[in-house]
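Right, one structure below, let's go through it.
Order of writing sets the chain letters: A, B and C. Residues in each chain are counted from 1.
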Amino acid sequence: MNETLTNRQIAFIVIGALVGDEFIILSHELAQGAGTGGWFTIVLSSIIVAISAYIFAYLGNTHKNQTLYDYSRMLVGKYITYIFAFIYIFYFLIFSSISSRLFCEDIKIFILPRTPISALYLLLLFAIFLVVDRKLRVLARLCEFYMSIVIIGIVIVLTIVITQGEFVNLRPFWNSEDFLSYIKASHYMIAPFLGFELLGCIAFNKDNKGSWKYAILAVFVVSALYIYTFETCVSVLGVDDVIHYKLVFLNTLRSVDVPYLDFLKRLDGIAMIFWFMSMFCYLSLFVYGTVFYIKKALSKIPYRIILLSVLGLSAVVFSIPKSYEEAYGILNAISYLIIFTALIIPCTLLILTKVKKNEKNTR
Amino acid sequence: MRKKKAFLEKIQELKQNNLGISIRELSINGNKLFILYVSQLTDKNSISNNVIKPILQYSRKEKISIDVLFSTVLYVDNIATDQDENKMLDYILEGKSVILMPDEPHYIIANTIKVEKRNVDIPQMQTGLKLPQDSFNENFDSNLSLIRYRIKDPALRIDNLTIGKRTKTKVAVIYINDISNPKYVNEVKKRLEAISVDGIIESGYIQKFLLNNPFDLFPEIGIAERSDRACGGILSGKICILVEGSNFALTVPETISDFLDSGEEHYDNIYTSMFSKLLRIIALVSTLTLSSIYVMIISYHPEILPPQYILALASSRISVPVNSFVEAFIMEMVSELLREASIRLPKQIGPAIGIVGTIVIGQAAVGAGVVSPLMVIIIALSLLTSFSFSDFTIINPIRVLKFAILISTGIFGIFGFTMGLTIITILVLSTSSMGLPYGAPIAPFNFRDFVNFFLGDITLSKERPNYLRTKDKTRQ
Amino acid sequence: MKRIPDKFLCILTLTSLLTGCWDFQDINRRSVTISVGVDSVNNNAIEYSGENARMIPSQSTGNNSQSPQSSLGISTFSDVSGKTFEDARENYTLQTPFPDFLGAVRVLVFGKNFAQQGIEAYVNRINRIFGYRKSLPLVVSEQHPTEFLGTNVKNNISAGFSIESTLDHLHSEGTAVYPKIADIVSDMAFGNIGFVLPYVGKRNDSIVLLGYAVFKEEKMIDILDIQESKGLVYILGVNPLRVEAIHQPSKENNMLSTRTLLKKRKIITSYKNGKVNIEFKAKAEIQIQFLYNVEPLTDDDKKTLEDIITQRIKREIASFVIKSQKEYKSDIFGFAKYFRADNPNIYKKINWKDTYPDANFSVDIKSKVVNINLFDPNAKDFFKEQK
């Protein structure tokens, strides 16, 4: 069950778990909190996230061939590990289901108004089943392949679009009076930066020696992408208009006709394909996280049964919110669990690991 | 006496069973000799000049015996003795001549096999401009010689197996001992030895037995019609399997990047190589997705195109009575039918009917207003691009998946298109050829293998592909 | 166990999905709208008009042609009205045989009445309905939109095509301002600033750009003639161009055809002594296209030419800005964006609408004659020299 991956695959899993559809929706909230100085908020948040990712990588490399569940069981005992596993299961399950709900709603409103969201969800579930059933190796290969295409593609699209924007809209880049607002706006960055806790589901072996470098690099690549997206949206729409749209990036692309590209002058079709690809990686990773922890906790039940039950449960949670706003509210509320999943649990384990190491050394 | 009687009864039994065995009885100095052979499988000149003639010309005083014949009389190059009576029939049916004497427990097996075979011909499927033209034929020895003359390494191993209870087909597993990963070699041999079946007619049967799962969509084993392609694979660390009666050799393990390689790029300019590989990737994607993109744009998202294109598209379809999905589906079916028909057309009338058929069908359909001109162009492109692959087995699953993506796009537009592509990608990435990930070197990504794949230059690719995990990593 | 869920899920998914292709609609079975006109009629009712593409299948009777041809025609719709946008829209839907396709709309035309009453609501409508592109140009028409869009334009397929092509070409040439819906929405969201829209009309069966309609608080307050609005183009246009014939300073009866491009434009704002200072800086690159009569051109001529053009540009810009300050009292150029970018803290404290009319505005133009279009007016004629 403990599958090992190459460092590059680990980096792309981190990218896939972080990005999702955040590059589409990020600017909307960030511009509200930080105005044109949003880049600073992103940089600040990415430093904190990079530290947490480093902790995960360090723990993984210290406890070779063990996932978080295994070494947690060794460090804090069976029952507390069950609590940790429960927190992760709940977190990943709610996130994957509610995010899929929001995703299907977005598709319905933006592109396919008459298609029922249950049909969209069924197709999505089928594809997710296919990939999660084949476990982490195939999922890692998919993320490696898809996220590299998404990142290169999005950067090209952004570069073309930002030439159609106005530089004056990006200024002022920094206003010292708004420094506190920039810091306060970091709470908008929780959702864009959650997901790297999936590093706990990967077992590191001796081939993954420098994996912490890759994990940190992945976080910085994602934050560079976010900054570029934010600046592009603000330069085209203006910071006062960016705050009004949930799917900011797609609205930015709808505003721009690039004359020299001729039949490709409308870029939103291509951007939508990237959106679907990265969202698929994101949702599959989260479903995998749920199934992984359940399998670890209830090891006797076959993997496939757990997967089918998780998908069934996801469908139930999918139908719970009665409206788009309700789903959004649930997601924002649950995102505060990141304090446990990304800070408290790994820090606790880190401290205990260090203590154990010291004990060993003194003996 | 009893022995002699049993012996003569055996001879009579062989005569009467309509096995087609010819029996030549010779008598030398009062000693009887029987030569048993199947005349359709025997080289008559060889058996006359190298077996019968020297026996009849035997004039020494020494009593003639099997040992004397074996070591001093017979001129045949490939000769052996055996004493297992049960195997005798097998040898005769193989095409060898069996020489026996009534009082001797041993018998001689002389290789005088001559079967009807084609000459070494030019390849029919895996053609190219700057390629060696010697391709395999159905004769086992001929195929082996085509490999042996290219690779003269003492480490070249040819493990012979006989598979098929009734056909007793010869199968050779060829690899270079100090390059190939023994894990793959052992796995291949294990799977071959486990085959228990009546007969193997073609290498396709072996291919099916070697698969992980018969329901796997993508070909995990490559075929090689030309000997340079097979030898190139062996030198990279792959294993080549030759099957008697088949003009296609199998190479294992294969990844998807091997199917995109026609071999010609390795002998040509670097830029041509890169360009050809890129074209083939575009060809693969366009065969799969062109009609789906057409349906997606016409029926779901025309706003992706600039306004003048939208109007041009709309006006080109104004007289078409069916919707774009049905139109695409029917035309794809027609193109598949044409493809099947054109493969089996007789050579004399094939090209003519092909041209007339396609032109007439295409023109008439557009003229009648049944399909739009753009659809005909798309179908033609889709069909043509599917022929740009050397190893055509990769296109077969694509032809089926094309319809799956078309249906998915027809229901969900761009979302269905992306999900369809994702499902296909998952299927590709989860396939493994003998444990080797199918998507290598793209996923899992290896920069050096990826660059070598694109450049295809022998001077620059100093190491063998990493994913084959060969014993000897360097080529130079 | 392994194979069953795969097949089962596959069948389950497929059967439930094949219940219908819900959003499937071929483009040739939709009503492709080319242009939309909005005006306000009796009692503030909304009236829609516009053009739809009409595809007519025609069987050709000639022997040579083998494919069915279709011709692209334009049909106009008009007199579709209602109390609100939704009512008018519903009345429109009742008379169309196919579902609407709005992705090919080329231009949006406002009538003068509607423009004067305020276009904010309609712009928000266009912005939020996903069928429309946000890169749609907006114009105000001299005639009623129905009459205007019904023009049989002689040099183009339809009025909608004609407006968009004309504006696009003038914009890329540098002689017109061409805002799209996205720009207007952005300006509206910014607040405190006005904007201009092209003002077009019908002249002898052609669509002509007559000038600009000035908007303050999303309502039209004035119409400017195209000749008066050069200053506007110099500030707001992309690669603004000025083409003019000027008397050669040393030879009064000769004219020089000049082509001036304004480059490296900068708007620098500051706040001193309770007053906003706005400075517009640019470099004017002058090309002498040709001389009416070939006469020698001295360096003094060039210097004087530079001064003349500098003064003219300064005057045009300054007078226009003063007009926007004193007459309109509205920042139609968007200087507020630059001020906020340079002095965000001060911007938060002041009320731009009140401060702008009293702002100090200065223009600094540096002109240079860069070339004479590969022509040498000072060349010595060999035979004339020898005489």
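Keep in mind that, in the parts below, a contact is a pair of C-beta atoms (placed from the backbone, for glycine too) under 8 Å apart; a residue touches a chain by one contact, two chains touch by 3 or more.
Being a predicted model, the structure only gives us computed values, none of them experimental.
S.K.: By mean C-alpha coordinates, which chain is most distant from chain B?
M.R.: That would be chain C.
S.K.: Name the chain with the Cα centroid closest to the overall protein Cα centroid.
M.R.: A
S.K.: Please work out the Cα centroid separation of chain A and chain B, and write it as a whole number of Å.
M.R.: 45
S.K.: Please tell me the distance, in whole Å, between the geometric centres of chain B and chain C computed from their C-alpha atoms.
M.R.: Here chain B and chain C have centroids separated by 64 Å.
S.K.: In angstrom, rounded to a whole number, how far apart do the mean CA points of chain A and chain C lie?
M.R.: Taking the mean C-alpha position of each chain, the two centres sit 41 Å apart.
S.K.: Where in chain A do residues touch two or more of the other chains?
M.R.: 111-112, 115, 119, 123, 126, 257, 266
S.K.: Quick one: which residues in chain C touch 2 or more of the other chains?
M.R.: 17, 23, 133
S.K.: If I count partner chains per residue in chain B, which residues reach a count of at least 2?
M.R.: Counting only residues that touch two or more other chains, chain B contributes 300, 303, 411, 413.
S.K.: Touching residues of chain B toward chain C in the complex: what are they?
M.R.: Answer in residue numbers: 215, 298-300, 302-303, 307, 310-311, 313-320, 323-325, 363, 366-367, 369, 373, 410-411, 413.
S.K.: Of all residues in chain C, which touch chain B in the complex?
M.R.: Those in contact with chain B are residues 3, 17-18, 21, 23-30, 32, 34, 53, 55-57, 66-68, 70-72, 101, 103-106, 131, 133.
S.K.: Which of the residues in chain A end up touching chain C in this complex?
M.R.: Contact set of chain A toward chain C: 109-116, 119, 122-123, 125-126, 129, 168-169, 171-172, 175, 177-178, 236-238, 240-241, 244, 251, 254-257, 266, 302, 304, 308.
S.K.: With touch defined as at the start, can you tell me which chain C residues reach chain A in the complex?
M.R.: Residue list for chain C touching chain A: 1-2, 5, 9-10, 13, 16-17, 19, 22-23, 130, 133-135, 180-182, 185-186, 189-191, 267, 337-338, 340-342, 344-345.
S.K.: Once bound in the complex, which stretches of chain A touch chain B?
M.R.: Within the complex, chain A touches chain B at residues 6, 8-9, 107, 111-112, 115, 119-120, 123-124, 126-127, 130-131, 134, 137-138, 140-142, 144-146, 148, 257, 262-263, 265-266, 268-269, 272-273, 276-277, 280.
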